[in-house]
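In order of appearance the chains are A, B and C, and numbering begins at 1 in each one.
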């Protein structure tokens, strides 16, 4: 056992215990850590956004390189501050209109291609799947699954007859999918705990190598 | 002016950016390049909204001496100190922001906050994960197979278990998630079109103006 | 009967203590179960392995310290693999709080292979405006990132002479803890610029990525800490690294943690059904 001599490691360990103390019950130490986390995150975000965003993208081209066109995004950006001045708070709509309109316009064709076109292509039963019996079988099972699950989300008609059968089959696929997601969620949450335990046992207490 | 101009900006940029996706003409590319820079700058200013809300919430709590106002001091001081340190020394590897704020404070607080979810998940699984119906039993079985198959212990129990887990993920899970992806993408595109065309106006905020 | 009723009302803190102890135990006394790699990790490994020496691999650090145990070992393993194959590594990020982690990796890993900052590795930093950042990089990286994370001009960094736009990069590995992340690289970098995208995800979002893997949009997928462990094993088996493997070291504990959850669910169900039967 080689307990760390680093003050910073001790601070990190104490804060870890502070957050973990909430498991017992809510307490002032946890609340202190929680508020410290919020404050530090905000400060870090401001510094990073300034040095990696505003300064190189706006301050340098506008004020150091003298590119006047950059006044437009500056004015639009400053409109965000109007949110806190009731009389002119409506001015915030201008930067929002620009970013939302631009973002939506860009996203529609990109998402259509990524999540619709390519996904339909992936679902189609192509000649390549006939190469092996197992590939063919899994492709058919997948194809049926996609169609039936889509039918489950089809609410324009009452689920009766063939539609009922399809939607019930879709439920089976959905349950297996949610089960898989749950299994992976367990894995994710446990990994985060193990990561903290590794820090405590290795970096702080030196119990493990 | 207060509503129609932002709606027109949103419509204009939405349509232009959609069309631009399919037009590789130099003028189109030049416009796209310029507006891409502007969007990045304006997006950086959006941080103002988050920081403004944070400051208003905590200063108000402090002013009215609401329960837990002392913790608001912790949050405000932490934000102020990390902002000042970040802006004064920058974000370089040698900066105190990285060495005295990010590593010993932000990392353990953020990581521990998520690590405690493992305990809540264990407790919730124990209390609420019941195989009451055939569907929930199916979910449970799929979850167990994925949980065991994805870790080394699963392979030690039965060497084909990882393959079975991988099959669940690649075939029925994939089919269900693909159908959900279709739904999400179509819903997203429909909403985006409604925003661009001014049918969905929630982003303009409340009020008659 | 009373025993089962007691089980149903057991204090949550007892569950916490039992779970905490059982997860800690294998970290101190490993079970030695060993890790084998699966097809998804092998696909990503092969894709990185097949990039010609001297080319650049882009790694997007789209996570924060909350997901560090799952994604940071992936970052270090992929970087080690790239350096061992004499690839150059370009790091960028869409999450502000991922910056410190990317800086740490860009500082710690290159010296293991005698690589230098600016010549073999560059960290561009964080940039707000997800879609605008990726699309801008597709046209000209220096337009989006005129400087690296610390304010050095990209023109002064030798590695960036050959890398002008996304098309100069054979592959992107997006290490994502959510949104923004791999889905944005697929939507913008792949759909518009035809980029090859591989990914490493937190396990919680991995199941949702399978449709993109099956359709061939994703070239390989690492899922959670297990995915990181698989990649670490592949890198070490190929003699690319002899470094400590944190994800592999955690796998025994991960195995036991899953068993604990399964036992808890089984006990909870038995107690529930026994008491329900008696009640009815």
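What to note about this one:
In this section, a contact is a pair of C-beta atoms (placed from the backbone, for glycine too) under 8 Å apart; a residue touches a chain by one contact, two chains touch by 3 or more.
Predicted model, so just to flag it, every value in this text is computed and none were measured.
Central chain (C-alpha centroid nearest the global protein C-alpha centroid): A.
Set against the C-alpha centre of chain B, every other chain centre is closer than that of C. If you compare A-B with B-C, the chain pair joined by more contacting C-beta pairs is A-B. Measuring from the averaged C-alpha position of chain A to that of chain C gives a distance of 13 Å. Our note on geometry: chain A versus chain B, Cα centroid distance of 4 Å, whole angstroms.
If you average the CA atoms of chain B and of chain C, the two centres end up 17 Å from each other.
In chain A, the positions touching at least two other chains are 23, 41, 44-45, 48-49, 51-53, 102-103, 106-107, 109-111, 114-115, 119, 122, 142, 177, 180-181, 184-187, 189-190, 192-193, 195-196. Along chain C, residues 16, 23, 66-69, 97, 99, 125, 127-128, 131-132, 135, 149, 151, 192, 203, 207-208, 211, 214, 223-224, 226, 254, 257-258, 261 each make contact with two or more other chains. Multi-chain contact residues, meaning those touching two or more other chains, occur in chain B at positions 21, 37, 39-44, 46-47, 90-91, 102-103, 106-108, 110-111, 113-114, 118-119, 121, 125, 140, 144, 147, 150-151, 169-170, 173-174, 177-178, 180-181. Residue ranges of chain A in contact with chain B, taken from their complex: 8-9, 11-13, 15-16, 18-20, 22-23, 31-54, 57-58, 69-70, 72-74, 76-78, 80-81, 83-84, 89-90, 92-112, 114-116, 119, 122-123, 138, 141-146, 149-150, 152-153, 170-187, 189-190, 192-193, 195-196, 199. Listing the residues of chain A that touch chain C in their complex gives 23-24, 41, 44-45, 48-49, 51-53, 56, 60, 102-103, 106-107, 109-111, 113-115, 118-119, 121-122, 142, 177, 180-181, 184-198, 201, 207-209. Touching chain A in their complex are the following residues of chain C: 13, 16, 23-24, 27-28, 66-70, 96-97, 99, 125-128, 131-132, 135, 145-147, 149, 151, 183, 186-188, 190-192, 202-204, 206-208, 211-212, 214-217, 223-226, 244, 246, 249-250, 253-254, 257-258, 261. Remark: chain B residues 2-3, 5-7, 9-18, 20-22, 34-35, 37-52, 54, 56, 68, 71-72, 74-87, 90-91, 97, 99-119, 121, 125, 135-136, 138-147, 150-151, 165, 167-186, 188-189, 192-193, 195-196, 203-205, 207, 209 touch chain A in the complex. Chain B contributes residues 21, 29, 32-33, 36-37, 39-44, 46-47, 90-93, 98, 102-103, 106-108, 110-111, 113-114, 118-119, 121-123, 125-127, 129-131, 140, 144, 147-148, 150-156, 162, 166, 169-170, 173-174, 177-178, 180-181 to its touches with chain C in the complex.
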